[in-house]
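As written, the chain order gives the labels A, B and C, with residue 1 at the start of each chain.
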Amino acid sequence: MKKLLLSATVAMAASLGLTAAAEAAWPEKPIKLVVPFKAGGTSDQTGRVFQAAIKENNLLSQPITIVNVGGHYSIGSRQVMEAPADGYNFLLIHIALMGGEGSGALNFGWRDFEPVAASGEFCLFPMVRKDSGINSVEELLAASKSKPDSLIFGANLGAINHLAGVMLQEVNPGSKFRFVQIGGGTANYTALTGAQTNATVLSGAEVIKFTRMPDGSENPEAQIKPLAYTGPARFPQLNHLPTMKELGYNMEFCIKSWWFAPKGTPKEAVDGFAAAMEKATQTDRYKKFLSSKGFANVFLKGDALQKDLSDTWTAIEPVAILAKKK
Amino acid sequence: MQTRQKYEIAVSGLMILMCFVFLWESWDLPPGTFEPLGSGPVPQATAAIIILCCLITINTARLEAKKSSVAEGTGEPLSIGFAVLMALATLVFVIILHLRIMAFAWMAALFLTVTIWGLENFKKKKFLPAVITGLIVGFAVEYLFTQVFVVDLPV
Amino acid sequence: MELAALGTAIGQIFTPYTFLMLFVGTSLGIVVGAIPGMTGAMLIALTLPITFYMDPFNAIILLISMYVGAISGGLITATLLRMPGTPAAVMTTFDGYPMARAGKPGRALGLGITASFVGGLVSWVALLTITKPLSIIATRFGPFEYFTLIMMAMVLIASVSEGSLVKGIAAGFFGMLISMPGVDPASGMPRLTFDYYLLNGGLKLLPVLIGVFAVSQIINDAMDMGRVTERISMTSKGILMSLKDLRLQAVNLIRSSVIGTGVGILPGIGASIGSVIAYTVAKNTSKTPEKFGTGSEEGIVASEAANNATVGGALIPLIAMGIPGSVIDAILIGALMIHSIQPGPTLFLTNADIVWGMVAACLLANILMYILMTSSVKYIAGLMYMPRSFVLPVVMVFCVIGSFALNNTMFDVWVMLGFGVIGFLLERAKYPLGPFVIGFVLAPLAEEKLRSGLMMTAGDPSPILTRPLPALFTLAAIALLVWPLYSDWRKKRRAANAAEPEG
């Protein structure tokens, strides 16, 4: 009976042309992409590269409109979560969404969205001063274990570099950094150069900018140095540095751009958007952007994306809780 | 009592009130985990300093008011009516924008016509210039902010 | 190396689009500066939303040239209407207007324009030479250095702004308090949000600024609609200063420019204070102090040289330390941050092109200002009489759309309206708005620095008094706080003694 009623409803809807028309025609109006960060940041640039690549190659029949919602990233994220699930609302965010949920700063999280895709990946380098006498991750962790809570680790508390720092100390039980609020990459570079802090993490692009000359050789004036890479494979421009995995530590810490839609968004829209994005990742414009940022061209959708998200959550949730505790 | 001192007392009072609202909201913030202060004490100290300064200001204003109890005439006549018109029209404008029930260009044109004409004392011969300015600015601004700069305005 | 970078920046400005920005910025600045009731701060706050869509270099060129133009344009209204077009031109009204009334409006304007130009050039030299060394020193500033420096700046601006010290401090701390809802700068957790998720992002600078500077000004201007202004017939005779004049005023010009630059460098205080001090010094050292206030040439020169000199001076701490040298610089910091550029010691490293763009724009806008003002002051003066009934509503539309454009949320529009009312009330009660805005901008930095300092020392605040620079800043702040109270108390005592000589 129930089944009959259901099929009758479906038939009726189909005869009215409701679902069929909506599916066939997606997209029939401009697609709104919310970037919950201010214009000009890395996430915004990522969104705009995709927007341009999709437009230039006619990968979608409608344009994408980017709406920057500044302030805390929770504001724009929540706007998308509460937006109609009609296939015309998307969100571009990163691991902060999980960090915020894990630490309790947000009362919603990644599972309240429909995952669409993950793109472009970057990982981090633990950094110390050249005159610190520390030459490897092992020595850094040993120092933080022999005198716990004394090595000052510069971070933006609650954010990516803080989570990475906590994960780093957790690979060597007993290690303990003293986390200090410094800010993002540039602020941490200044603080480490000024010897106000003893360690931090920076992204590949930042390491290149702060420690290398334009021709790729080492900048003799730089007072800081990277120790290792938290990615799955070595970083091309800094090929001499081992990955954490090679050193025998079970740590991988990389950040991808995550693309979400409101829960219940039609599968056609989710798949259609992801397919257009996947094609965009093969364009020269996108590849050029990736290399300028030191990102790897990773692209995930469907089941691979689901698995990656839940793996990341399993890894990041305990770290986020620890990060809050000191 | 002069107008300035009335304002001083009223505004200082309002500021004190706001400080208490902030103090109330900051009361149960958790203590710091990475340093001894945490989120609460800095706003609380700030609020306390403001309350102190406002109390001093109120006291000074009252003393001054007592000294010169003769009300002085204000410098020049103020046209309160214009300010009220401006404020009310703006409020209506923003409410309509919030509800997104009208295209931006039309509501800006309407707002401009009413306020410009109003500030000209609703003189008959100023009506046409007001309407024209309203339409030109309204549509130009909508074009600028939706086509040149991509802003999510109701159109 | 340095000069080459500067040359590159100048070359970049002379590309058509960027030069257009410089031209539009300078001329709009002059015009808005000349229209009473509209200030440079208001213009720049309203321009910010448009700059989101430009590349940062062009955006900063536009804003800096507006800054230069607006400070200069104020002298036209000050001279011809005895109304300061911008607050910085108050001192110019004292001598410019009497001289214009006496039939020499062209000469009064000419003195002011040339003085502005020289002031701008002198401070530009300081900007070029001091900024980089200072930024290198500033990289060694730790959190306690920053915290105490900011607190000193707060006391400084409170003590020199109009009204009493107590009110200045109340307004400054009120601005600080207003900036605190949202994400705690030191722990990353939301606080004081009243469980309202839109407050997670806090109150943003732009809607607050537009509200405080533009909306409250519109309400004020609307209340003033009834006032009629007296026209002075305008001739441009004497608009160019002769060499003889320049020689006569040389000492005054240089001295006032240096004073302006120095005051500009001090964090938080800007053009108005600079011109007051330079005017006072000029009067005290003049051979004919009795002429001040009745149309003294020295008075016009001192005031205008100094207020333009503060522009370059105020950019120095902005670039080198990330601390605004004046209220408009606080807005510029906001503009840079919108473009994800963090002003401060590393700006030379991360965005050297922006730094040199700012330095170059400061010079070129100043030159362009001189050319525009001398050639077309007559027409600009005509704009002062633009009917306000048309200007005010149009500006209000820009206030609304500008706040909305920031983040595409209505929340910001409501914040803007709210702060329009708050700004209006604060002004009525003679609470100064300068400290309020500076406090709003600096509070997150101050709190972050204080608390990260405490994280470094495991909770020990003693470096505030034991390290040399923090101790110096703290002592200076205390002195600035205590001195006015002490002198006030002494004055009262003397008055009391005089009243009761036998007691």
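The rule is short, and it goes like this: a contact is a pair of C-beta atoms (placed from the backbone, for glycine too) under 8 Å apart; a residue touches a chain by one contact, two chains touch by 3 or more.
This is a predicted model, so every value here is computed, not measured.
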{"item": "Distance-maximising chain from chain B - centres being C-alpha averages", "value": "A"}
{"item": "Chain pair with more C-beta contacts, A-C versus B-C", "value": "B-C"}
{"item": "Centre distance in Å when chain A and chain C are each reduced to the mean of their C-alpha atoms", "value": "39"}
{"item": "Chain B and chain C, separation of their C-alpha mean positions in angstrom", "value": "22"}
{"item": "Contacts with two or more other chains, residues of chain A listed in rising order", "value": "67, 157, 179-181"}
{"item": "Set of chain B residues in contact with two or more other chains", "value": "33-34, 150, 152"}
{"item": "Shared-contact residues (touching 2 or more other chains) in chain C", "value": "52, 186-187, 189, 408, 451-452, 455"}
{"item": "Residue ranges of chain C in contact with chain A within the complex", "value": "52, 56, 139-143, 182-183, 185-190, 197-198, 200-202, 204, 337-340, 342, 344-346, 349-350, 406-409, 448, 451-452, 455-456, 458"}
{"item": "Sites on chain B touched by chain A in the complex", "value": "33-34, 150, 152"}
{"item": "Contact set on chain A toward chain C in their complex", "value": "38-41, 67-72, 74-75, 78, 103, 105, 149, 152, 156-159, 162, 178-184, 186-187, 189-190, 193-194, 196-197, 209-210"}
{"item": "Contact set on chain A toward chain B in their complex", "value": "32, 65-67, 157, 179-181, 324-326"}
{"item": "Complex interface listing, chain B residues touching chain C", "value": "4, 7-8, 10-12, 14-15, 18-19, 22, 25-26, 29, 32-40, 42-43, 46-47, 49-50, 53-54, 56-57, 60, 76-80, 82-83, 85-87, 89-91, 93-94, 97-98, 104, 108, 111-112, 115-116, 119-120, 126, 129, 133, 137-138, 141, 145, 148-153"}
